[in-house]
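Next come two complexes, and both contain chain A; in the first it sits with chain B, in the second with chain C.
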Partner chain A sequence: MRNFWLLARHEYRKLVSKRSFLVGTLGFPLIIMMVMAAGIFIAIRGDQNTPIGYVDNAGLINTAVVPQTDEDETLLPLRPFPNETAARQALTDQEIQVYFVIPADYRRTLQLDAYYWQDDPSSTVVSDFNAYLRANLASDYPASIRTRLVEGPDLVVRSADGSREFNSRNIFSFFIPFIAAFFFIFVVMSSSGYLLQVVTDEKENRTVEIMITTVSPGQLIGGKALGLLAVSLTQVVIWVLAGVVAVFIGSFFIEALRFISVPWSLLLVVIFFFVPAYAFIAGIMTAIGSAVTELTQAQQIAGILNLLFLLPFFFTALFLANPNSPILVFLTLFPTTSFITVMMRWGMSTVPLWQLALSWLILVGSAMLSVWVAARIFHTGMLRYGQSLSLKEALTAVRSRS
Partner chain B sequence: MHKIFLVIKHEIITTLQRRSFWIMTFLFPAIIIFFNLGTQVIANSSFNQEDVQGILAGTSATPETIAYVDEAGIINHLPPSMSATTLQRFASEDKARAALEAGDYEYFFLIPADYVASGNLIVITKDFRPLNTPNENLLSFVLAYNLTDDEQTAVALLDPTPNIQQQALAPQTGNDQNNSLTFFVPFATMFIFFFLISMSSGFMLQSVTREKENRTVEILLLSLRPRELMLGKVLGLSVVALLQMVVWMGGSLLALNRSQAAFSSVSSYTLPPGFVIWAFLFFALGYLLYASLMGAIGALAPNAREGGQFTFFVLLPLLIPLWLNITFVEAPHGTLATALSLFPLTAPTAMMTRLATGGVPTWQILVSLGGLAITTYIFVVVAARFFRADTLLSGSSLKARRFLTELRRPA
Partner chain C sequence: MSTVSVSSVRKNFGRVTAVKDVSFEVFPGEIFGLLGPNGAGKTTTIRMMLDIFEPDGGEISVFNGRIDEAKKKRIGYMPEERGLYKDLQLEQTLVFLGTLKGLAENDAKARLEGWLKRLDLYDHRQKKIQELSKGMQQKAQLIATLLHEPDLIVVDEPFSGLDPVNTRLVKDIIEEQREAGKTIIMSTHQMYQVEALCNRIVLISNGRTVLYGEVSQIKREFSGNAIVLEGQGDFSNVPGVLEARRQNGAWHLALNSSVNPQQVFRHLAQQDGLQIERFEIAEPSLDDIFVRVVQEGKEAEEVRYA
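And now, the complex of A and B:
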């Protein structure tokens, strides 16, 4: 058992002290954040403040009516024109970015014409113009109901047993499981890359021959996998802490961030599912890594397998639309996808207990199987050089008694 | 000269013989398309908000009966055109819950007494799916109708601009702005170019490091100069890359053509004239640029693993347009998109995306292409400096600092 810990500690120290670890941990999120910030900045700046023009043939818009907005929000200015010729002239002179023509029968048909110069009006233009129209449509009604008419209902969704509630304020909390799932995928991707090569280093410099005299193959793989797991977790913890600080600072500026609540029940799911899920993947990757000698070949096989783990992300839209659809129930039970699917459904829905239990049992079963198979294959392949195990050989290795 | 041809031939044959090449060429795009389109279809079919206007006009089917509890006492009557069975009122929350328990309903709406002030509309549901509540629009409409007593205003408040006829006074191309392909085609072009260039230049890295790893390079260098080896590899792999491009672009263009024949709605989408020629030029130069960079890394790295750590940084410029894809959709001719398409390192993906959108001035294409050509030339020359017998034979590890020291040494 002591050897096991020694191995894990050695692997951890070796990787964490590398400069690439530091660069990856700090640099990678920094680059992504910078690019995203630039994108957001440009998206915000991209909308010029050029007014929206309109020609009102329905007598609908009263310039005195100003829509209510949040403090930090300003609508694009609105400019009336007596007729289309004047509006067209203003558009040609680039005084306005678009003009709408409201026909006399607008209230009956809700048809509008929009004229723009070259780039079609952005979503901001349409939503701002909608705000003006709503305010004017509601302006004839008493002040007490006006706000309600303009803003419409604010939906609060409650589960029948009262355990879950969704409203427009806690919307960010629903994306925490998505982010958690994303982190998990990161851990899987980064450590599976290493796990594939877990023995290549030792094989290349023949250390494995010496190590195997003191450590059993199971301990060797287990210790290395644990060390790698610790490395990935270190990285994730640093990022999560950074994220928490970012949210805390952001909450001073963005109101919605203040209502984020940590879904503690999710933590329970993570605790139960993470270890078997990681062991499952570690087993598969080590098995591939020890059966195949050439790294590029191993990476290709692993790449296809990674797709199996990523599968739930392809169905993100489905999670939002119908989190209890049969496809997602299947993904919940399927071992490669179960952990991420459970997390993502946790955010969007309530997962029935029987599905959780069954999925966990299947996952634990597959994890044990994969680790056992990996140890077998490693045992056979560990002292082979320059020759891959064929599928047949791998199968005999698994079947044979040791 | 003969030796270079031998290298070219060898590279082409070994790459084409690999199963992974064919998997990447055919299976990979198929998987991406399948998952993207397939899941989109599934999701779209389950995200169906009811069409209030259609229900009122009698063109859309009335939904199944909706249960509600009205503590605020707002809902007194339904619009005349709406069927009376659309809504089912429950006197209290408890009664509605009982009906929910009995399985008569999947969910019910609860309008709290302070609805007008707070705006809260509560949905109590057995199947908790917060982002996709059925019949939300319909209930909003009924509430607005009862508050205003005017059907037209209530519909208008729900969505004041359900159908806008948009017209450009100075249209850029013949492409219809409302056509979904106008969004999709540039996006697909961007992805295709990114994958093509990153994959084909990745072959270069693999090819160099493999020969370093199994020490074949030691024998190769006996009969061939390092630069000849590099030239042969770049040219040989370029043939493979072109083949891949023909398959992907040809497949996409064919799909576009076919879909135009099948659906009349897509018939209006036309790629700008000369698109294929520009695509070919940008791809060829982009490939040469990144392949020479990858080759340089391969020459310096002791093995594929250490080389692979640097590929992300090398491919970063190609990735940036992908991350900023929103700008290319919202303002394909804005400052940022234009700048990215003129900057040589990002030009291959950025300019092709803009070209697929259409309406790029010819001078911009030429400037971008010229800049790309000059940069590619410089990079090829620089990369050739790294291809030397001592770098190819050394096993020293790859660090950022080594790039500089190797670069400074006389050729």
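And now, the complex of A and C:
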């Protein structure tokens, strides 16, 4: 057991000390920060205090009527103009960023025009003017009805068993299972990709014979697989932490980020599916790495197999439209796609228990088979220096004793 | 009591039989030569001995029983197909391999310093393996084999890639290990090294043990089957001679076991184009014995399958 941990520690240290790891690990949070900064910049730019102009031909807006806002929220100021010529002049002089023309028949047509120069009016401009308009249109109603009319419906959709809900105010939460699925498939695939490299390195470096007369093949591959998994998890933890910090900072500027809630029940899927999914793909990569002679050759084969694991992402539209479609049920049960499909369906629907149980059993069975086959092929293929195993030889290796 | 006992082992790979019937024993304090032509089954035998392959038949005992994880720590193995992690530093690699063999990290570092200094690698310890010359890598490999002070040392072609100075150094180290009571199994094609180092040998040909015993005894048994000649003319095509080679102006002829020196002498004396100046029955070198046994074995196989 000591050697198992030594191997895991060795692989972890070896990879983490590489410059490429630091660049890859820190580069991603930097990109997130930059994207977030750009979002905040756009949000701030929209909040610039230049007034919104309007020409009210319908006599609709009374400047005394002010929409209700949160304590820390302020609306852009409104500036009325008697006619379009005056408004246009103010726009030319950059006294206003946009002006709206409310036609005389607005109550019948519900159409109005917005005039601006180059930059589209930001979402803040549109929502603020909408707020003024609604407040004025509803000003004749009692306060309770007026508030409901101005704020619109607060829609909450719950699953029949109450286990999941979708709230129109926390739209980002809706995508968390998708994002989590992306991160976990990244962990599984990058760790197994490292494993593929490590196994072919052992073969190319001719170190395997020394290693397997020192440790058992199970310790060798298991220790390395654990070390590499730890490397990928380290990366993801750093990225998730960076994401949490970015969301925290961004929530001061972007309202929707304040309502993000994590569906913690998703952790159950991770707890049950992550280890067998990793073991399954790690076994496949070990077998490929043992059977071929060079890393490039191994990567070509693995690249094709990777598509089988990424398949659910090609059906994203179907997850949104019909998360219980027969295709997605099939992907839930199929071992290469089950982990990710279950995660992605988790945010959209209630996955029936029988599907979860069957999917897990198939995945665990496949993982055990994969590891067993990998051990056989490793045993034969790793000592075939400079020679690949043919499919027939691989099958013979699987059937042979050792 | 023997350290290693191999008894009638057999190993097939699909339809190919790599080892048919190999037996030998190796004892503490000896250097044992495991010899044979390419493809004879030496590496497969070593791999069965070290539990890399499971034999299809026969029995193997290491340290008086089946090999296990604890026994693996008492073995130092330098395989023929060898290498180290190219992108790692020398010191880091050797310490890692030492710890896998049961050494504490500090002990491994302390022992390593002595070895690196002795083998002129100390100044290169921070270099990556790929930056070292082939000879240096070979010496590093020897350190990896011996760092944990194994009781059984298995070295396959330990001198390949070494210059004469380093060959001498490695030879000295192997002899030291023997003097320290270690069991050493050495596989090599360099017969003069076997003659210089090995107490006993086994010769495997076509997957079978064809020769087994003490080097001096084997040489005595084969004396009379080699002659040294000096004279005028070409002595390379003499009937009953398996191999003829020129060395320091003299001809060394390895004879087929069915031919004796007198018959060869009579034949040569009758040849007009040849003039004999010296005719001497020589103690054959291991090289001669190797060639003779292997060639005779091949001929026998050919007869068997004809």
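As a working rule, the second predicted complex is superposed on the first by the 241 of 402 C-alpha atoms of A that agree within 3 Å, B and C clash if a C-alpha of one lies under 4 Å from a C-alpha of the other, contacts with A are read in each partner's own complex, and residues count from 1 in each chain.
Criterion: a residue touches a chain if its C-beta (ideal position, glycine included) is under 8 Å from a C-beta of that chain, and two chains touch if they have at least 3 such contacts.
Note that the coordinates shown come from a computational prediction; the quantities given were computed from them, not determined experimentally.
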Touching partner for A:350 - first (chain B), second (chain C), both, neither: first
Partner chain in contact with A:113 - chain B first, chain C second, else both or neither: first
First, second, both or neither for A:121, with chain B first and chain C second: first
Contacts of A:324 with chain B and chain C, given as first, second, both or neither: first
First, second, both or neither for A:183, with chain B first and chain C second: neither
First (chain B), second (chain C), both or neither touched by A:144: first
Contacts of A:130 with chain B and chain C, given as first, second, both or neither: first
First, second, both or neither for A:383, with chain B first and chain C second: second
Overlap of chain C and chain B interfaces on chain A (superposed complexes): none
Residues of chain A defined as touching chain C within the complex: 3, 6-7, 10, 14, 201, 205-207, 209-216, 383, 385, 396, 400-402
Partner chain A, residues of chain C touching it in the complex: 14, 47, 50-54, 56, 69, 72-73, 75, 77, 79, 81-86, 88, 96-97, 99-101, 144
Chain B partner contacts - residues on chain A that touch it in the complex: 20, 31-32, 35-36, 38-39, 42-43, 46, 88, 91-92, 100, 107-108, 110-122, 126, 129-130, 133-134, 137-138, 141, 144-145, 147-160, 164, 166-167, 174, 197, 200, 295-297, 300, 307, 314-318, 320-325, 327, 348-350
Interfacial residue positions of chain B with respect to chain A in the complex: 20, 23, 31, 35-36, 39-40, 42-44, 46-47, 53, 97, 100, 115-133, 136, 139-140, 143-144, 147-148, 152-153, 155-172, 177, 206, 210, 303-305, 309, 316, 320, 323-324, 326-327, 330-331, 333-334, 336
